[in-house]
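Report on one structure; see the data block that follows.
Think of it as A, B and C in the order they're written, each chain with its own count starting at 1.
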Amino acid sequence: MSGSERSSAGIPLPGADASADGDSAGNARDSVFAAVGWALARDIRVALRSKGELGVQLLFYVIVVSLFPLATSPSREVLATIGPGVLWTAALLASLLSLSRLFASDFHDGTLEQIALSPRPLMALVSGKIAAHWLTAGLPVALMAPLLGVQYALDAPVLGTLMVSLVLGTPILSLLGAVGAALTLGARGGGSLLALLVLPLYAPVLIFGAGAVDAARAGVSAMPQLSLLGAGLLLALVAVPFAVTAALRIALD
Amino acid sequence: MTSCADGVDAQGLAARRGYATLFANLRFAASAGCALTVTGPNGSGKTTLLRIVAGLTAPVEGEIRWQGHPMRPFDLRMRGSVAFNGHLPALKDELSAEENLRAWIALDDRSPVDDAVGEALDAVALARQRRLPIRVLSQGQRRRIALARLRLVRRPLWVLDEPLTALDAEGVDALGALLDAHLAGGGVCIAASHQALPIARERVRSLALSAP
Amino acid sequence: MLINWFRFSSPVSFYPVAGSWSYAFGATAALLAGAGLVVALYIAPTDATQGDAYRIIFIHVPAAWMAMLIYLVMAGWSAFALGFNTRLSAMMAQALAPTGALMAAIALWTGAFWGRPTWGTYWAWDARMTSTLILLFLYLGVVALRAAIEDPRRADRACAVLALVGAVNVPIIYFSVQWWNTLHQGSSISLTGAPKMAMTMLAGILIMTAAAWCYTIAVVLARVQAIIVERERGAGWLESLIDLRAAR
């Protein structure tokens, strides 16, 4: 990949016109940021062009959350008890629903192959895609949840903790979900298979996320749970793109 | 066929799909300025062979070399050298032709020169449709945009899977012009095609795969 | 020792080995299980608090341990399969998953029957049972993914990635479920409290664990043979092997 290579008749090879020497670490860093930025911008633009689909996924969250009181009881005590769990579990299900547009549409129209074949680092491109997914799926749910929490007789400090826990937790859901989405590309079984693979991995996030809100409800500090969520997020940020890249290359085989 | 230091060279390639062996002990070479047409009945492994050359799949046995260097799947040098046009036109339905092409240029780490996108679409007679979302374009128009991409993202090795599908006479001419320019500039092209490629006979060699 | 193993690393050479070892381990498993059951049913004393109902732990505890252990071994083979790209490692991982799922299911089932007479409920959300349940889901996920992907090599590698991702998550899951359980159970009776171990009880559990291990190895080797036959069909060596057998 050195700049001094040439083809036999002058077709420019990639990298031949980029600076060959000096600051290669800086170049690599720029390349990673540029790749993340490319994937982020493109995926957000595509998602915004299908705003209807985004709206439907958010509406799914609202509907599921609204169903539980019908199934249990409208009494404030019951609702306040199940509220954190319901709001968090519905967030998990909404995340599952939205994962199908992370890689599947690119896989089916051939753009994923082109992305994998580009000389940009695939891990960076994948990270950009997952970030775009979180911004268009997870973050809206996290912002919507406090509004729905009012339905569950949860008061303001609890709602604040709810939002923080979801803001920390939904990126983890996007990251872990990306692993499942990449592994099930082109496999039979569709969404149910994805749910089977991903929901067990989601369990710790659910435990600590809902646990944080429960702690806030009891008037105790939720910092332990939130710190664990934060630590989980950092771990996932580091480890997941690697696994997803491997899974994507396997799927494109 | 001797190994060539300036093109694709393959030795002893074998591929399977599922439990069936598609081909074994395959050998071919394509040097700069020449095109290799892969022919064969349906199911003989043409697409698999092209995907192996492009670096998407690993062969079960054998070795592919590009410019003398052996290549593994997703090899970085290969990724920077190959342009792969598969069955699918690789365009996002929600974006317009122009946005799609700009994205591919940006992915290639360049910024578009002047109105390169406009010129490329002009060359395939789709200048008027540049702002329309891909969703409303026909299959043939999408294949022509894929050709425009070949022109914009300049790579020395072209791997094309049935490039003539859905192209009308105008599109076939555009493909011919593109191929001529590419080969004249020292590029290599490996294409699977049922029909003959629209370029001069002398430049084309043929590789026939038999039924598995 | 290391050089020796690589000689068996191709399905061709491993096939006959798998067969003979499978029988050997199966016989050993039967003997150990017999001894273990004698200890479990006759030699181990009746427990003061739980009566004779506790004896089911002689199946429950080995099954739970094996469920955990098999996942680690499966993850190990998956790492080999991805790292060295060997077919046999992937086949071993494929063979282990169903047995792991079975062990987890047995642990859950016997745990329920232990809970009922002892604490009055078939299912209580205690930490170990919940973790075992999630482990069962992880196993079923690997099996389901294998079934959902057509191409066998692609399925090998996808399941290997899934097994490794699961393996990294298993300690996190165990920890989080443990935390969740202590928070909510508080000071109530720990449902996983085994009776204070007399030496004979411990011996019985260890014998049964060894039996479960031998059973696992026997079954997995037999399954690997079946997988090898299925995957390598069309390769000449298999037909010649069958011809040899028929001629004898």
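Here is the rule we go by: contacts are C-beta pairs under 8 Å (C-beta built on N, C-alpha and C of every residue); 3 or more make two chains touch, one makes a residue touch a chain.
Note that this is a predicted model, so its numbers are computed, not measured.
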I'd like to know which chains remain joined to each other by touching when subunit A is not counted. one piece
Can you name the chain that lies farthest from subunit B, using the mean of each chain's Cα atoms as its centre? C
Per-chain Cα centre nearest the global Cα centre, belonging to chain: A
Applying the document's contact definition, name the chain pair with more C-beta pairs in contact, B-C or A-B. A-B
Nearest whole angstrom, what separates the Cα centre of subunit A from the Cα centre of subunit B? 33
Would you kindly tell me how far, in whole Å, the mean C-alpha position of subunit C lies from that of subunit B? 48
Give me the residues of subunit C that touch two or more other chains. 151, 153
In subunit B, residues with contacts to at least two other chains: none
In subunit A, what residues contact two or more other chains? 253
Enumerate the contact residues on subunit B facing subunit C in the complex. 16-21
Looking at the complex, which residues from subunit A come into contact with subunit C? 179, 183-184, 186-189, 193, 196-197, 199-201, 203-204, 207-208, 211, 232, 239, 243, 246-247, 250-251, 253
For a test of understanding, state which residues of subunit C touch subunit B in their complex under the given definition. 150-153, 231, 233-234
Contact footprint of subunit B on subunit A as seen in their complex: 1, 5, 7-15, 18, 31, 34, 38, 42, 45-46, 49-50, 108-111, 113-120, 122, 249, 252-253
For the complex, which residues does subunit B have touching subunit A? 6, 32-33, 54-58, 67, 73-74, 76-77, 79-82, 84, 86-95, 99, 103-104, 106-109, 133, 154-156, 185-187
